[in-house]
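The first chain written gets the first letter, and so on, giving A, B, C and D; residue counts start at 1 in each chain.
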Amino acid sequence: MMFRVRSVIQMGDRVMQRHMSSAGGRKVGFVGLGNMGGHMASNLIKKGHKLNVYDISAPACEALKAKGATVSKSYQEVAKSSDFVVTMLPNNDIVSETYKEMVADGVNSGTVFIDSSTIDPLVAQAVQKLVKSKGATFVDAPVSGGVPGAAAATLTFMVGGTNSEYDTVKGLLEGMGQKITHCGGYGMGQAAKICNNMMLGISMVGLSEVMNLAIRLGLDPKTFGDIVNSSTGRCWSSEVYSPVPGLVPTAPANFDYAGGFATNLMTKDLGLASGVATASNTPIPLGAMAHQVYRTVMAHGLGDKDFSVVYDFLMNQAEKKK
Amino acid sequence: MMFRVRSVIQMGDRVMQRHMSSAGGRKVGFVGLGNMGGHMASNLIKKGHKLNVYDISAPACEALKAKGATVSKSYQEVAKSSDFVVTMLPNNDIVSETYKEMVADGVNSGTVFIDSSTIDPLVAQAVQKLVKSKGATFVDAPVSGGVPGAAAATLTFMVGGTNSEYDTVKGLLEGMGQKITHCGGYGMGQAAKICNNMMLGISMVGLSEVMNLAIRLGLDPKTFGDIVNSSTGRCWSSEVYSPVPGLVPTAPANFDYAGGFATNLMTKDLGLASGVATASNTPIPLGAMAHQVYRTVMAHGLGDKDFSVVYDFLMNQAEKKK
Amino acid sequence: MMFRVRSVIQMGDRVMQRHMSSAGGRKVGFVGLGNMGGHMASNLIKKGHKLNVYDISAPACEALKAKGATVSKSYQEVAKSSDFVVTMLPNNDIVSETYKEMVADGVNSGTVFIDSSTIDPLVAQAVQKLVKSKGATFVDAPVSGGVPGAAAATLTFMVGGTNSEYDTVKGLLEGMGQKITHCGGYGMGQAAKICNNMMLGISMVGLSEVMNLAIRLGLDPKTFGDIVNSSTGRCWSSEVYSPVPGLVPTAPANFDYAGGFATNLMTKDLGLASGVATASNTPIPLGAMAHQVYRTVMAHGLGDKDFSVVYDFLMNQAEKKK
Amino acid sequence: MMFRVRSVIQMGDRVMQRHMSSAGGRKVGFVGLGNMGGHMASNLIKKGHKLNVYDISAPACEALKAKGATVSKSYQEVAKSSDFVVTMLPNNDIVSETYKEMVADGVNSGTVFIDSSTIDPLVAQAVQKLVKSKGATFVDAPVSGGVPGAAAATLTFMVGGTNSEYDTVKGLLEGMGQKITHCGGYGMGQAAKICNNMMLGISMVGLSEVMNLAIRLGLDPKTFGDIVNSSTGRCWSSEVYSPVPGLVPTAPANFDYAGGFATNLMTKDLGLASGVATASNTPIPLGAMAHQVYRTVMAHGLGDKDFSVVYDFLMNQAEKKK
């Protein structure tokens, strides 16, 4: 499935790949060796960095050891022995707890912590304050591109931090990704990711409704898709990632909605968007409704399918069988 | 305001303008000389066609007479004396009634009727049957581009009819517009317009939510707008017509949401989409919700503003005043 | 299933049954002998009225003939030979067309037409004008109670007309129903039915969400149901018609959502509500969303189930199987 | 405004007030002396309990001292000197932090902690575990009834805990309230409050839409309100708390939506509902949409008005001025 997601990223990416140094030789700690983190850590080894890893899963650590990493005994040990520390963890609470533990005994003032988890911007800002209080540096740098992007080192990183911090981390991140965007101050990497994905989530549900309606009215999907793409309805989903089988050959729609960006993950991101919108009392009627639609798709057992499966879910199921 | 909308259309239009003949010399009837129709009829006169017009408003007829048109005494008279008849009327009922009256006494079999009103595709199909039963030809050809597009002859026409009927009308329509798209059989021009505009309506509400949220989270609007435009959240609204003042210089947001595409008209189009979705039992959760949001905007007295005013409506009104 | 719906009506009905005359002896025309109309016409025969019926289905006419009705050859014949004419037809267009045909040749000025179809109030008002223009009387009188209510003569009638017209038709309607409500002028019977059913449709989706959420949070459904019913969340759906199996023994939830008020019909009524809200530019965010939810339920093949099946639809389908 | 809310509670309350002992004489700690807590603590003093209070606001402490309470120097001191401790705090984080501090040095095993704040059920469950780990008892007991209910000792308490714990706290709570409901195990008081209020929030938006639509269609508000109340659309909001001025004399609608239950607070409760629905992946389309509608009402400066102001917000603002 890798080629599909990669092509998606390349089409989404209009920024020239910068040929800045991602040359190795740095001591890099890596915490969180799951589906994403394992690949990212491997890529850093390939670039020649000295990796020092830790994960609560011993097998995950062993796998990286086999590729040349050193395995630490604790978060603190990783932190104290590294120039950079990259964390890739599942949620707000685990990020908070891990950082508390990791910096509890103090850290070297030169160490730069990079959190690539997707979490609430407010949590990222709190962690930044904690790390700063210990004298070190922290930036948030969530990614898009999924497991295939992690494997192929073609991720997009959205960085929140100062200009000089951005310059400091860019080279390292280019060892794991293709496009490194500076989004603003602390937490703004997270904010940009969440907000962009909310727009994506809305567009996909909207496009799915529109395509279903167009087809029921008698329009040819291909003809109408072309009209949308050259008109005011066009969006990334219609041009690059159409949920209608047969329209964009590389899109998950043509592979029974396998691979791609799972509905579960889109729903998680919309949950983060919903949380920050609640905290800031920002009305998001369509964001909230798209969230509920994906949640209903999940309730019907389709959480592991690409999020464009919402097109199929909204279809008349009886007519589909015909 | 004309330049704004014109630029919008040009940016939305990736299809090369075809240099087919829109040369004059035909006898063209025109029914419905309102804000749109008056300009369209004028443009046909400029192209050298002989115009025969009718409208229930005598002053509207006089205005066209001053430009060289002949004024008929009835719908029937217009129809019987023309090679082509263009109708530009406000809604389903008026289109149905007008055509019933217009063809009641029979028509010449060579006459081609072109309805450029925006109506329900099912009504368009019923009118086509009626006209065909009298031996003549009918196509639906609704437009986008608004009054400025009508004035400047830069409209987009979405045509529903056979291939040969499309070829027959294209030259004439090029006298009033820039882009003539063949969408499919009878009613498919209407279907394409309604469906595309539903996508546009959804994108604009979604983008407005996302931009409001991003700004409240601390993102710089310009920086975040650029991220969206080079990422999976991009859409026509974000690239060409941003609802946030200062991001796209030509967009109505920079002119207090004056001009452009009125919220009233977007709401009307979403009403048509809602109607055909109800008739075909197609679920359109975001389309329906966007419709209600625009309707609430109207209830608050903003119906005449460009539909991107929804961004302003969803904002915290107290903070706006600061 | 009859007992279930009957009990529902009785619980919903706090108005004492009036013992006014529904005594027979009148000449009553009946047009539309479907699932509802057939039962209603039979009940009028039982009350001693002389029935004169017409339906495009010959077998439907024969069935009533077997019960003592006279079968007419046309709508006009029914109308001209009756003191009262009751119509029970499927939708706006058929009601309009039928009345046009029925009164085309004129009617007796003393004839009272009663339309018990569920249609748009504006259509009802147009039909009233048509009938009045012929010198006769028309009221709208849609019903609730479904097929079982029609069979058991326990329908509720919602009447739109003048006070004296209401007094005129009440006795006759009591031959088919239990509760005859005067809602206001022409069309207001339809308006009341549509608006009340929109509230019901919203309450049921809302309650289904709340019960699903409560149960997932660990609340006992019975305990929580009692809390809601003695608190600010109470509504007819929670007290009388709970969508959760086991809470209200007579509710369709306990019979696999069979019988009751079909999702298809609730969706049709919400379609009418949506139409009049569009025509009057009234924002109905929850009404519109409930409409889309029922439509999605229909798309998943559950249109014939009672509308409370939405509770089951929103449930986690994997957990349900456990 | 007190009489209004009191009457609301009495009408909502069908359970007979139990005449169990709320007799004083116990040592009661009280933490959180805000708008609600100040009244509640006062009422406990009136019942003859010995109050020991603490709040970060010195004036709030002084006010209670003037009524006979002892003021402690810390949370720990309150906890260690009390048979019962009641906490009334603003949100999840403050409840968590306060309990951590309060029990840090250990507590007497006989002390019973009662949290009447409105928070996430999961947070309540975590606090219960913390308190239990120190050997003491904790129940959650959020309230409804607002400031007037707190002042008049007519609150409703929703208790989460074991049967015997419920029996233990009931008498004390009756010193501050009128109705003490046992909702289930730990956190279930919170769950019941949140879920019931979500139903209330949905009903009120739905009813507001329906009443607006009914009036635009020509129905008399009073007549239609009576129809709804004797039909399947009835709900607490329509019977007791109508958002339409003139229908229920005691409702805030008749006092320019002053007093009652503020839109801000309804929005906060829907935020909690949204959070637990996200955590449990439960689809709540109407709950989410109602949440967004109230949030939009807040954005337009109406957050301090009673939540039934949504009726006014959805109205055509131009027609309102007429």
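Points to keep in mind about this one:
Here is the rule we go by: contacts are C-beta pairs under 8 Å (C-beta built on N, C-alpha and C of every residue); 3 or more make two chains touch, one makes a residue touch a chain.
What you see is a predicted model, and the numbers here were worked out from it, not measured in a lab.
The set of chains in contact with chain A as well as chain C comprises B, D. Summary of the copy comparison: rotating chain A onto chain B for the best CA superposition needs 180 degrees, to the nearest 5. Contact tally for A-D versus B-D: the pair with more C-beta pairs in contact is A-D.
Ranking every chain by how far its Cα centroid lies from the centroid of chain A, the top place goes to C.
Chain A and chain D have centres, each the mean of its CA atoms, that are 39 Å apart. Taking each chain's centre as the average of its CA atoms, chain B and chain D sit 51 Å apart. Annotation for chain D: residues touching 2 or more other chains are 281-285, 289, 293, 296, 299, 314, 316.
Interface residues of chain B, counted against chain D in their complex, comprise 285, 289, 296, 299-301, 314-318. Residues of chain D that touch chain A in their complex: 267, 271, 274-275, 278, 281-285, 288-289, 291-293, 295-296, 298-299. Chain D makes touch with chain C in their complex at residues 12-15, 121, 144, 156, 158, 181, 183-185, 187-188, 191-192, 194-200, 202-203, 205-207, 209-210, 212-214, 216-220, 223-224, 227-228, 230-238, 241, 273, 276-277, 280-287, 289-290, 293, 314, 316.
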